[in-house]
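The first chain written gets the first letter, and so on, giving A, B, C and D; residue counts start at 1 in each chain.
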Amino acid sequence: MEAPEPIYDIAHLGHVELLTDKPQESLDFFVKVFGLTESGRDGDSVYLRAYDDYEFHTLKLTAAGTTGMRHVGYRAASPQALWRRVAAIEAMGLGMGWSEGDLGHGAAYQFHDPDGHLFEIYYDTRRYEPPAEERPALKNQAQRWHGRGVATRRLDHLNLLAADVGAIRDFMPMALGSRVTEQIVLDTGKVAGCWFTVNNKSYDIAYTGDHTGSSGRFHHVTYVVDQREHVLQAADIFLENGVFIETGPHKHAIQQTFFLYVYEPAGNRVEIANAGARLILAPDWRTITWTEAERGKGQAWGLETVESFHSHGTPTAEYG
Amino acid sequence: MEAPEPIYDIAHLGHVELLTDKPQESLDFFVKVFGLTESGRDGDSVYLRAYDDYEFHTLKLTAAGTTGMRHVGYRAASPQALWRRVAAIEAMGLGMGWSEGDLGHGAAYQFHDPDGHLFEIYYDTRRYEPPAEERPALKNQAQRWHGRGVATRRLDHLNLLAADVGAIRDFMPMALGSRVTEQIVLDTGKVAGCWFTVNNKSYDIAYTGDHTGSSGRFHHVTYVVDQREHVLQAADIFLENGVFIETGPHKHAIQQTFFLYVYEPAGNRVEIANAGARLILAPDWRTITWTEAERGKGQAWGLETVESFHSHGTPTAEYG
Amino acid sequence: MEAPEPIYDIAHLGHVELLTDKPQESLDFFVKVFGLTESGRDGDSVYLRAYDDYEFHTLKLTAAGTTGMRHVGYRAASPQALWRRVAAIEAMGLGMGWSEGDLGHGAAYQFHDPDGHLFEIYYDTRRYEPPAEERPALKNQAQRWHGRGVATRRLDHLNLLAADVGAIRDFMPMALGSRVTEQIVLDTGKVAGCWFTVNNKSYDIAYTGDHTGSSGRFHHVTYVVDQREHVLQAADIFLENGVFIETGPHKHAIQQTFFLYVYEPAGNRVEIANAGARLILAPDWRTITWTEAERGKGQAWGLETVESFHSHGTPTAEYG
Amino acid sequence: MEAPEPIYDIAHLGHVELLTDKPQESLDFFVKVFGLTESGRDGDSVYLRAYDDYEFHTLKLTAAGTTGMRHVGYRAASPQALWRRVAAIEAMGLGMGWSEGDLGHGAAYQFHDPDGHLFEIYYDTRRYEPPAEERPALKNQAQRWHGRGVATRRLDHLNLLAADVGAIRDFMPMALGSRVTEQIVLDTGKVAGCWFTVNNKSYDIAYTGDHTGSSGRFHHVTYVVDQREHVLQAADIFLENGVFIETGPHKHAIQQTFFLYVYEPAGNRVEIANAGARLILAPDWRTITWTEAERGKGQAWGLETVESFHSHGTPTAEYG
């Protein structure tokens, strides 16, 4: 009997909606320091994008009485592929139904992951059409590169917290057709962390354990820059702008990502990263499993993981 | 009526077989200067790989009375996907049949592109199993990184010459399910260059015009490094080792690749490149078409394209 | 008999006064694209500085009916050292006398080089005192790093044109105590280029031949960034802002500088460079002499020097 | 009354002699991993150099029953300058007299710093004359760049431990004419760290407090690479070669050095660093004083200093 074929129904991570209880400070951070561009506003939300994101937005920043993530969107590879995923999710009994869409995309099918995070999948999207002052010098780029602040290229991935990461590991391949590229399995057999991808990126979403009894919490969202040196420059930009740097720049052993974590003013963790030329090209990639002992060695070059990286998520306990 | 779905049958470019009439000099170049590792030998061929290529080899270097490329291999996403491609190619009347395979992979189906280059597609492959001294410090990497010479991460793409690039533009999407990400269309309507991808990389093969009346010729093969700074270091390595640098480092306007072109001792052109974090994530990417006038502006930062880049291919006219 | 001791009377290149006949465009370029900060205005002049220049200004941009350089200033190591240089210059019969100083420094002694360029040397200077919004996060830095545009660290060197570079080679060591670190000597014995330093930098001023019959002309002024990658980013900034890139990024064989040359709106050539960790530490450095044949090889990685680099200076012939 | 003139008698740090009780392992590390070149042997010592060090050697590695530093050498700017320094040191009553010199230099005058470290100053030196296979492609470089291992450009600085750093702060300006560029002064008034330079580098020697009651101990020696990215690559080289990384890569707040600290096999700490384009050009640089509170903030981007950085020196307590 042949193995099932890999699933390519979901094309990529599309956008993340973050909540902030300091909307102006958060917006200033994302535009002036992080270097995103505002592409629209609607109600309590501002739509933001990195310069080479091809869609209208990749970050929806919404004023709220709390922090954390309201929803994450993935774009399907085709209308047919979208229907296949909807059918699969409904067969799992987890479907919520269709939303009308948003400023940046058309109808989207919604569902929850086992930890209660809200997901949506959609195909119809709104491409970013740059106004004159945002037209790039090179036509194969979505928008002009301003070099303002960190000036990231595109949305890369997000990391969510879950009480039962093992349940997520079972869920994501069925729901989105994701592959598990790497994972941490403790000596007890418990899955402590899991990294998923739907395409050639080494991951577009990661889950790590939430030990607080809360559910649906957010760990971080990541945008990428082209070079490791740009991550180092980002650190200087954060330093000069008084942004709290939690840890980094350093290299993760897991996924080998060159990372830098900061908190935006409302407390949501944001990462600047670079993966170099690393891609998952093998269609039959074998999941890399890190043991408790291996993970205990710290980051790639020996940095000990800071305690807050294991404990801080949004919303924090005060909100929960 | 809905648009046809994107095809994901071919996972990635697998390997290139290069011919050399200076086998020892070429091998020394690829191992000591370029930094590849030998993984095997068979007859007149040496099998080579970059440190993070997951397969046994990505470059097969074969001693011959000439230069140029003997064949290129692509790996399918699954056995079923391989059969679908075979059926499609046979339906086009271009199939040649199955070869037994090679030191690095199993049975492969062979065919020619319209310019006479030999292609093969396969699914069964041989993963690289590093001997003790080649085991990496991080288990998510295929092989130890030695930092010897240019020390590229992986095979990236190749560029072939064709008398009729327009015919190739029609052929590749049908044969491999490739997408055309960028192209140059002259004022006459003639396609002067075309860039194709089967996955999220912005291209895995490019074709540019051959004006010599020859067919089946080779322009260059490219390996990538993680950072643009590594391309600059490569230039210094080539300088210290007396390797002929044809052009670069500089940034292409097309595809925005940061490039450096050299000739290996037998005259085959080899590129070191870096693409930063640029990927083609849109499943419905719209082909970027460069006009003759746009291409006339030179490279991204204004460098004029050197004449030999348009004229030099292998085998050269003397061999042809 | 012992060799004369090295002279350390002049501490460093202090500032350059550039003329522009497009003052607003030039100022916009230097502030918004090049990333300098305005520290003052006086009459037709705007005083500009890079973020880690410790003095009030390093570039004085003066509106005029022409382009080119009006004067260059060097700072002496001490009041006593200044007097020693004044005595030496007066002994050569080339002294012009004292000026009252400027917004950025005190009394300065003026003289001409043999090609008619105006120099001044001074000791009393005005340190930059950052206003609150310009205070750096790290107190060992002169000013906040904004990351705005190219955002260079400091003034590095300038290049002047001279009809008789050999005469300059004799003059500078006597006038400023400079050392000749590198030079180009043609087969005829004529000096085609000469690089001088007063400190551990590999050069602070260079002269190359002016073949137009003009005198006192300017070739370029250079500011440095910390990393070669920042030179590459500068190229993208210039590309997005429509700035004319003359040549680069590439590496000079002479001095090994990683360079990028552009024209500011009025036509004065400006360079962004990086020298890595290269310094002249030997107190008895032996001048490197490049022959005509060696220079004919082009830049370090083989780039041919563009024709305009040999012919374009400011003011241009139209002004001359 | 005028201020005393700056002293330029000492040109630069020349070499460091390190002791190792694992001579073969240490030598393998310095040549194969660190990338130095052996230029000679004499008795128990091997002479090593970075590719752009102009002198015969900058590191003398000596087999011994212990670790740490045996002596440090500085090169004078001229024979006259050397005599002035000898006179100054003798006037301080600290002179030891002349040694005959070494494989790499001529007669040297020796003395101890107040903590008992052995220093020597010399003028006559032996320039490195590369054999054919070590000749660089560019003649303004001392030796071929191999790109082997970390492949640093040149010796940069060293850091010694002293029980009374304040005494050193008084001593070095008098002995060598050094300037104090930065220092840490605790709330008690005690000097906890002090950085000195004799030229335009921001420091060539640093002293930090030894709290163990030992004297004459060594903290680290530093070689520089041209780019921060090369420091990151060095970390990967150390990772692949099983070298213990103590801390970094990260950016010091003090001096803004981008650092990476490892232990060579015998336990001596070695640093790879990059300073970007930062230089001390001001002849009247004002010492930067960091308070206890400022130092308590950790490194520039917030990394907490690891405990061993304050406690580990060589020889260790076991030897002392």
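Keep in mind that, in the parts below, a contact is a pair of C-beta atoms (placed from the backbone, for glycine too) under 8 Å apart; a residue touches a chain by one contact, two chains touch by 3 or more.
Given the structure is predicted, the values throughout are model-derived calculations rather than measurements.
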item	value
Any chain that touches chain D and chain C	A, B
Same-site or different-site touching of chain A by its copy chain D, using the half cut	same
Distance from chain C to chain A - Cα centre to Cα centre, in angstrom	46
Gap in Å, rounded to a whole number, between the CA centres of chain C and chain B	44
For chain D, residues that touch 2 or more chains besides their own	138, 227-229, 236, 239, 300
Residue ranges of chain C touching chain A (in the complex, touch as defined)	136-138, 144-149, 227, 229-230, 233, 236-237, 239-240, 242
Residue numbers on chain B that touch chain C, as the complex places them	227-229, 232, 235-236, 238-239, 244-251, 258, 300-303
Contact footprint of chain C on chain D as seen in their complex	2-3, 5-6, 8, 11-12, 52, 54, 75-81, 138-141, 153-154, 156, 182, 199-201, 224-229, 253-256, 274-279, 281-283, 285, 288, 290, 294, 300
